[in-house]
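Next up: some structures, all given as structure tokens.
Note that chain A is present in both complexes that follow, paired respectively with chain B and with chain C.
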Partner chain A sequence: MTNYLIRRVIQMIFVILLSAGATFFLFNIAPGGPLSGLQQQQQQLTREDIARIKAQFELDLYLPVRFSRWLIGFPSGPITVGGQELFADIPVGCYLVREEQTTDRNGNTVTRPTGCDDYVYLSEIPELHPAVRSSKGILRGDFGLSTVVRPGRPVLDELLSRLNATLELLVTATLLSLLIGVPIGIYSAVHQYSRFDYFFTTLAFIGSSMPVFFFALLLILVFSVMPVFLQDTMPWIPRLPSGLREAMRGYSIAEWLPRVEAGSLWDRLLHLAMPLMVLTFFNMAGWSRFVRTSMLEVLRQDYVRTARAKGLRENLVIYKHTLRNALIPFVTILVLTIPGIFSGAIITETVFAWPGMGRLYFDALSRSDWPIALAFIFITAVLTVFALLLGDILYTVVDPRIKYK
Partner chain B sequence: MAATAGTLKIEGKGEKQDSQWLVIARRFMRHKLAVISLVLILLIFVASLLAPVITTFPRDAVDISAPTRPGPPGIAGSDGRLHLLGIDNLGRDLFTRLLYAARVSLSIAFSVVLLSETIGVIIGAIAGYYKGWVDTLISRVIEFMLTIPLLPILLILSAIMINTDANLPLPDFVIKGLSAVLLAPEREANQVFVLVMIIVIFGWLGAARLMRGMVLSLSEQDFVESLKALGASDARIILRHLIPNGIAPILVNASLSLGGVIILEASLSFLGLGVQDPTPTWGNMLNASQSYMFQHPWLPLIPGIPLVIVALGFNFIGDGLRDALDPRLKK
Partner chain C sequence: MHYTKKWLTLVGVLTVLAFVLAACPAQPAAAPQTIEVTREVEKIVEKEVPVEVQVEVPVEVEKVVEVTAEDYTTPHPILSDIVVRQAIAQCVNRDELIASVYPYVADDVKPTLRMDTFLPKSHWAYSGGYTDYAYDPAAASAALEAAGWVDADGDGVREKDGNRLSLKFTTTTAQFRQTWAAVAEQNLLGCGIEIIRLHTPASWWFGDSTGLQRRDFELGAYAWVGQTNPSGRTLYACNQIPLPSNNWEGQNYMGWCNEEASQAIVAGNNTLVQAERVAAYDTVQKHFADDMISLPLFQRAEAEAWGINLLNFRPDATEYSSANSWEWELADGGDTMVVAFSQEPSSMFSLIVSAAVQRQVAQMGVGNIWTQYSYDYQPLTQTPLASLENGLATNEMVEVTAGDMVYNVDGEPEELAAGTKIVVDGETVEYDGSSTVSLPQLVVNYKYAEFTWSDGTPASAGDVELAHQIECDKDSGAVSFIVCDAMQSAEFGPGVEATVTYLPGYQNPTYFLSPWGELYPSHQVLSDGRMLKDVPAAEWATLPEIAEKRLSYGPYVIADWVKGERIELEANPYYEPAPKVQKIIVVIVADTNQAVAQLLAGDVDYLERATLGGGAEVQTVIDAAAEGKVNVEIIPSPTWEHIDMNLYTK
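Moving on to the complex of A and B:
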């Protein structure tokens, strides 16, 4: 077991580095990037202007150097060993690129870099990049500064400020789906092919082919839009707020109900209702299905038949002998919800303007705030890898028959 | 067709080669929901093919002086022509856009599934046939890619790629052909193709895993041994014998992933990071309807209902195919 764990952790570190590297290079090789806005005005800018702007984003440094700075914040200047500066004159980037205009075979003028007029040396990093000198790299918990969504604000602060909203939504949704989904799965399996079973099997099927956002829009139609249209004929239907986490000022959801104060518990609950319904519906559909299949499999085992043949009470057969075995594979699924709980639900949070992590990620992407997007992906990847490891360990706890070598 | 033909010839079970397919078709017909779905999807497919015949409005024609924008189904435009499903906020005919959107969404789904199943089948077959380090490498890559959360990474890829007008190094006919199929300008076809490629990057994993498993068990069987003894090349064994024999679960998987890709594309376009207006897709039509749904609640239903029908339909067809192709797989 210890050997296995050590091997897994090494693998994990490798996978995390790999995914960090992949996402980083993706952002940097891709066309556009932080300078995409500049492309249009490039005619008016001199070569020096562009060089200065590029230096702001550290784009003058070579890719491997940039990656190492992003990952661990090294090198941040000349390396000092015993008061002596080493490697101070090693070029780590190119401040002024020498460019040459050529004509390609289609007759278009293409600017090609042919060399470098002014190298960046190791000793010049602090001087050329004063703002980023303090960067410690993401492995040391420094995710850099936001560029567009909250310019200049540390990415980590921004992420943490969204964590509450996401946890509130996702933890409730996960618990609720468990409370509803698992019993449905058990009942469906015990009463296979009953009307109850057919109903929830169909529901799960619909859940697997219904786009999350369309379900969310349908809920808004039913609970927020319809009551307004039916105001004259059926004024007693309450209307749910369809966005954000709490209201700016008090409102009333129906005439016969008391007014809801902004920021009160009722206000928060009403805002939570619809996103919660969406997430619970989809989780519940999947999980009840999973529990059902797994229960059915165990119910067919010989030891269940033996238990019944011995005249054990049906309740004991189901809850002690079947359920406990059927829930073992469920551990993996449950553990994999952990990254989701922290990273939020991108689509649901976006439709309901829920100020959580998923929404932040979406905003960062659509407005090209790469530091936030990168941090989000990196944290999600790390959490996923940890969750997988945790799942494997828990597996041995709930099922001692499994041994890793 | 090669699938059963191969099995039958080698195992010497069948008298007539096409009878097997008749049996499968008959079994498929027993799954009522699958048949209904097939008919509905075929209807939508044909309607989208005939889009320029069915509707006389150009796809992007704007009716600025329409009485209301957006307008309800059955509204008459400023020139007195009837808009069957109404008009959107720019005064474009929704029925027309719906048909063209079906063209785009279905083209994306079919190309993604065709490409990713082909890639997956070949990679999976190679992993399963050669075993050893090839298998280890491919399996590790697949495992790694499966741990990456799909939606965030697809969103990143399309956020980066979609608006850059990236020109992929492709032979001309790909984009020209796609633009002819979509009845859209080449620039839009290029964008659609970029999206297809992005989804394919993560789309082949399922097919590869399935095929690897199938080939692993098939290559233990005697007929592979005898093929080797007869001097058949690896490529021939894989392409002519192993893949055709393992294709049944791939067909089921393909049908299920058609539904999945339709939803994925719609989600990306809905979030504004997929196909962009003016190219219509069900996803970006839903996105556009979002800001007007409080005054015009029917708007999201117009692209939403065909979207759900098609996604649900492909899942039912996959279900029916599973029952028909291999009754043992029946849940």
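Moving on to the complex of A and C:
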């Protein structure tokens, strides 16, 4: 087992580095970027202006140098050995790129970078990219500074500021989904083709096929908007707050109910209700189907038939012999919720104005804030490989037959 | 599970591959080299195209200037023909386009959205009477027939000399543009003009080295945001055509060069006399409409909705509604107001962020120097606005000679030397290298109100000086330094004021506005013990005291900022007149449906205009307004849609 774990950890490091390199590379070759908006401003920008602005995003440095600085914060200047600066005159970037027209193999005239009019040398890094605006490297826990979403402010602060809201929503939704979905799956399997089974199978199909945003908007319409209009004539109808994590001022949800104070526990629960309903419904739909299928598969096994033939109580057959075996594949699904809990739920958070990770990631992607998006993907990748490792370890716990060598 | 060596080798190889790929530099670090362009230089001599008179089509004198053979100097085989361009204009039913995207706008308002030049009809520089190209497919078809564009093969699309009248139409993937583009496509097909719609990601279309900036289009649709000062030099002047030879600088993507219009733009941007500006822009607009190089479609309709509990709300086309936030009042006497924004401001450091949401929060929680209601400027913290009439500005003639720094015709500071182009008496002249020339020199005294910062410290001349120090520092992160570069000198004090002497020849029509967008508290001590004024400009964006919790000279001060959720603003106790609502909370609501639901429920009092947007949700709000639940106003936005026509091809 120890050897296995060591081997897995080494593999994980490779996978994480590979994913970090791939995502960094992909972000850098994708069109757009933090300079996109410049062209939509009616102003005269010279080549020097654009070069200066590019340098503010470290785009004047060569890609491998940028990657190295993002990953480990190196190089941050000339290498000093025994008081002597080494490689100070090595070019590490180009401040002013020279572009010229050339003809490609198809005979088309294309504009290509053909050289550099002003190189950036290693010795110039401390001045051009001072430590206060540079990252020490994500491997050292410094995710650098945001470029667009919160320009100049640490990415880590941004991530941490959203973590609580996401955990609050996702952990609650995951627990609720487990508490509801697994028993439903078990019951449906045990009572296959019963009315209960048909009802929850239908519900599960609805949950699996209905778009999240549609269901969310439907809830807002039914529980928030319609009551507002109905309350004109039926003031006793209660309404739910449509979004946000908490109210900004006190409010009333129905004439006969006490006024809700902003920020109170009751207020927080009311605001949590609808996003929780959405996420729970969708998780529950999928998980209950999975557990049902898995249970049905195990229920058909010979050893279950044998257990029943031996006259074991049905509860014992279900919960001891069937459920435990049926839950083995479910472990994989369960551990993979760990990165999901960190990364949030983009659509649900957006529709319900929930200030979580998903919205931050969406914001970072749509506004080309690479440092935030890269940090997000990197952390998610790390959590995913750890979750998979955890899943493999948990297999040995739930199924003693599994042993790693 | 069985992990083989083969598997491990594969991971290793992939990892190495990833690093090799990542190691490819974005820009080659090769030594400078010159690649000879072998393509022959084609000289096109200046010529006058014969006057063409069409049915209801204006007279056109097209001038083709001398060009070198590089990309986008070969006239487009179809769009270089003015008959085609004008036919396109006449075949697009702009009223139908407006109706397709704004079904909720009242019929009597729709025509007011329609544009015929690059300025809206309510703009001070719009004089009217320009060629409008009313929807007339019959006239357009007749003009095309007369010009030889006929549908010989009967496939519904015209041809001429082997060229099919088929054009690529590039724009973004925005649903709004897909809707009106589909209508335009049908309109044009009705005239025998085929367009092939390419809806590209905005990141490509507006990329710094792709799409529009590289003039990679035939017909291209996007929007410009109209400004109180029409400017327009970067959009329509002859020397603003992006080309490989000028590193794609400029925003004249059509490649339009009409010398008369270009000179009028320069003149309009180099005079301080309003009447002369109106005349100059009238000339530009006339040529813009006649040459039909860009088809103005319509102003976007923007809707602002606010609760019936909110009083003194003042929506306006060119000024944010937050500009008079100290006057906002809640009818029920409440002390907390809630505003919904679709996007969270990035930073309160206005110098590096120009987004609308940032400006609006900054107007409330940081301060505002002046306002611009109804395409005009009004004093606020800067009071009064400097002008030649009130004596705060002078524009005396000074003599300059070779070696003096002056402001040239391209809007750049330059040492006067032989060949320098300068504007003298409204005319562009080339300096001979030796004579003495008289140029006007602006000296402006900018005065600010004797306000008190939100920490109780009175404003000082040092605050103005700090604004100058930071906003003119190239390390600050600002995009443009045009005004700073035009300054010859600046003196500060004795009051909260500064006197700026500009370079001879600099005739900025908006000289009367403070050249610094903000004022900064020079007395402020940061959490790390440093004085704000001692912090290098490069660090300012990283300071929480600048980016997030600013000292304020506006009606409110930022008391708390919960990221992704809300910004709490409390009344600035030193602001005069005192704000009527004690607290304003800005909540971040990205989804329009959600925002509307909150407004209808009374959870928020005002939806910022981008939050409500211009989509179907506006109808919901209009319906609610009809029931007296909310207020709504449809505003013709200064943002206008248009179709650029690229006159040249690769």
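Here are a few things to note about the model shown:
The rule is short, and it goes like this: the second predicted complex is superposed on the first by the 380 of 405 C-alpha atoms of A that agree within 3 Å, B and C clash if a C-alpha of one lies under 4 Å from a C-alpha of the other, contacts with A are read in each partner's own complex, and residues count from 1 in each chain.
FYI, a contact is a pair of C-beta atoms (placed from the backbone, for glycine too) under 8 Å apart; a residue touches a chain by one contact, two chains touch by 3 or more.
This one's a predicted model, so the numbers in the text were calculated from it and none came from an experiment.
Partners chain B and chain C, once the complexes are superposed on chain A, run into each other and clash.
In the superposed model, A:152 lies in contact with chain C only, and not with chain B.
Touch criterion met: A:404 reaches chain C, while chain B stays clear of it. Of the two partner chains placed by superposition, chain B and chain C are both touched by A:225. Contacts of A:18 after superposition: both chain B and chain C are touched.
Within the superposed three-chain model, A:74 lies out of touch with both chain B and chain C [touch as defined at top]. After overlaying the two complexes on the shared chain, residue contacts for A:380 are found with chain B alone; chain C is out of touch.
Once the two complexes are laid over each other on the shared chain, residue contacts for A:187 go to neither chain B nor chain C. If you count the residues of chain A touched by chain B and by chain C, you find the higher number for C. Look at A:217: by the touch rule set out above, it reaches both chain B and chain C.
Look at A:165: by the touch rule set out above, it reaches chain C but stays clear of chain B. Comparing the listed stretches 235-243, 289-297 or 307-315 of chain B against chain C after superposition, the clashing one is 289-297. In the three-chain superposition model, chain A touches both chain B and chain C at residues 15, 18, 30-32, 36, 217, 220-221, 224-225, 228, 350-351, 368. Interface residues of chain A, counted against chain B in their complex, comprise 15, 18-19, 23, 26-27, 30-32, 36, 205-206, 208-214, 217-218, 220-221, 224-226, 228-229, 293, 339, 343, 346-347, 350-351, 361-362, 365-366, 368, 373, 376-377, 380-381, 384-385, 388. Residues 7, 11, 14-15, 17-18, 21-22, 24-25, 28, 30-33, 35-47, 49-50, 52-53, 56, 59, 62-64, 67, 91, 94, 97-103, 108-109, 111, 113-117, 119, 130, 132-133, 145, 148-153, 157-158, 161-162, 165, 217, 220-221, 224-225, 228, 239, 241-245, 247-249, 251, 350-353, 355-356, 359-360, 363, 368, 392, 404 of chain A touch chain C in their complex. For chain B in complex with chain A, the touching residues are 144, 147-149, 151-153, 155-157, 159-161, 163-164, 166, 259, 263, 266-267, 270-273, 286, 289-290, 293-294, 297, 300-301, 304, 307-308, 311-312, 314-315, 331. By the touch criterion stated above, chain C contacts chain A in their complex at residues 1, 3, 8, 11-12, 14-15, 18-19, 21-35, 37-39, 70-71, 201-204, 206-208, 210, 212-214, 222, 224-225, 227, 231-235, 240, 244, 247-251, 334, 336, 338, 343-344, 346-347, 349, 352-354, 411, 474, 477, 479-482, 538-544, 547-548, 562-566, 585, 587-591, 593-594, 597-598, 600-604, 650.
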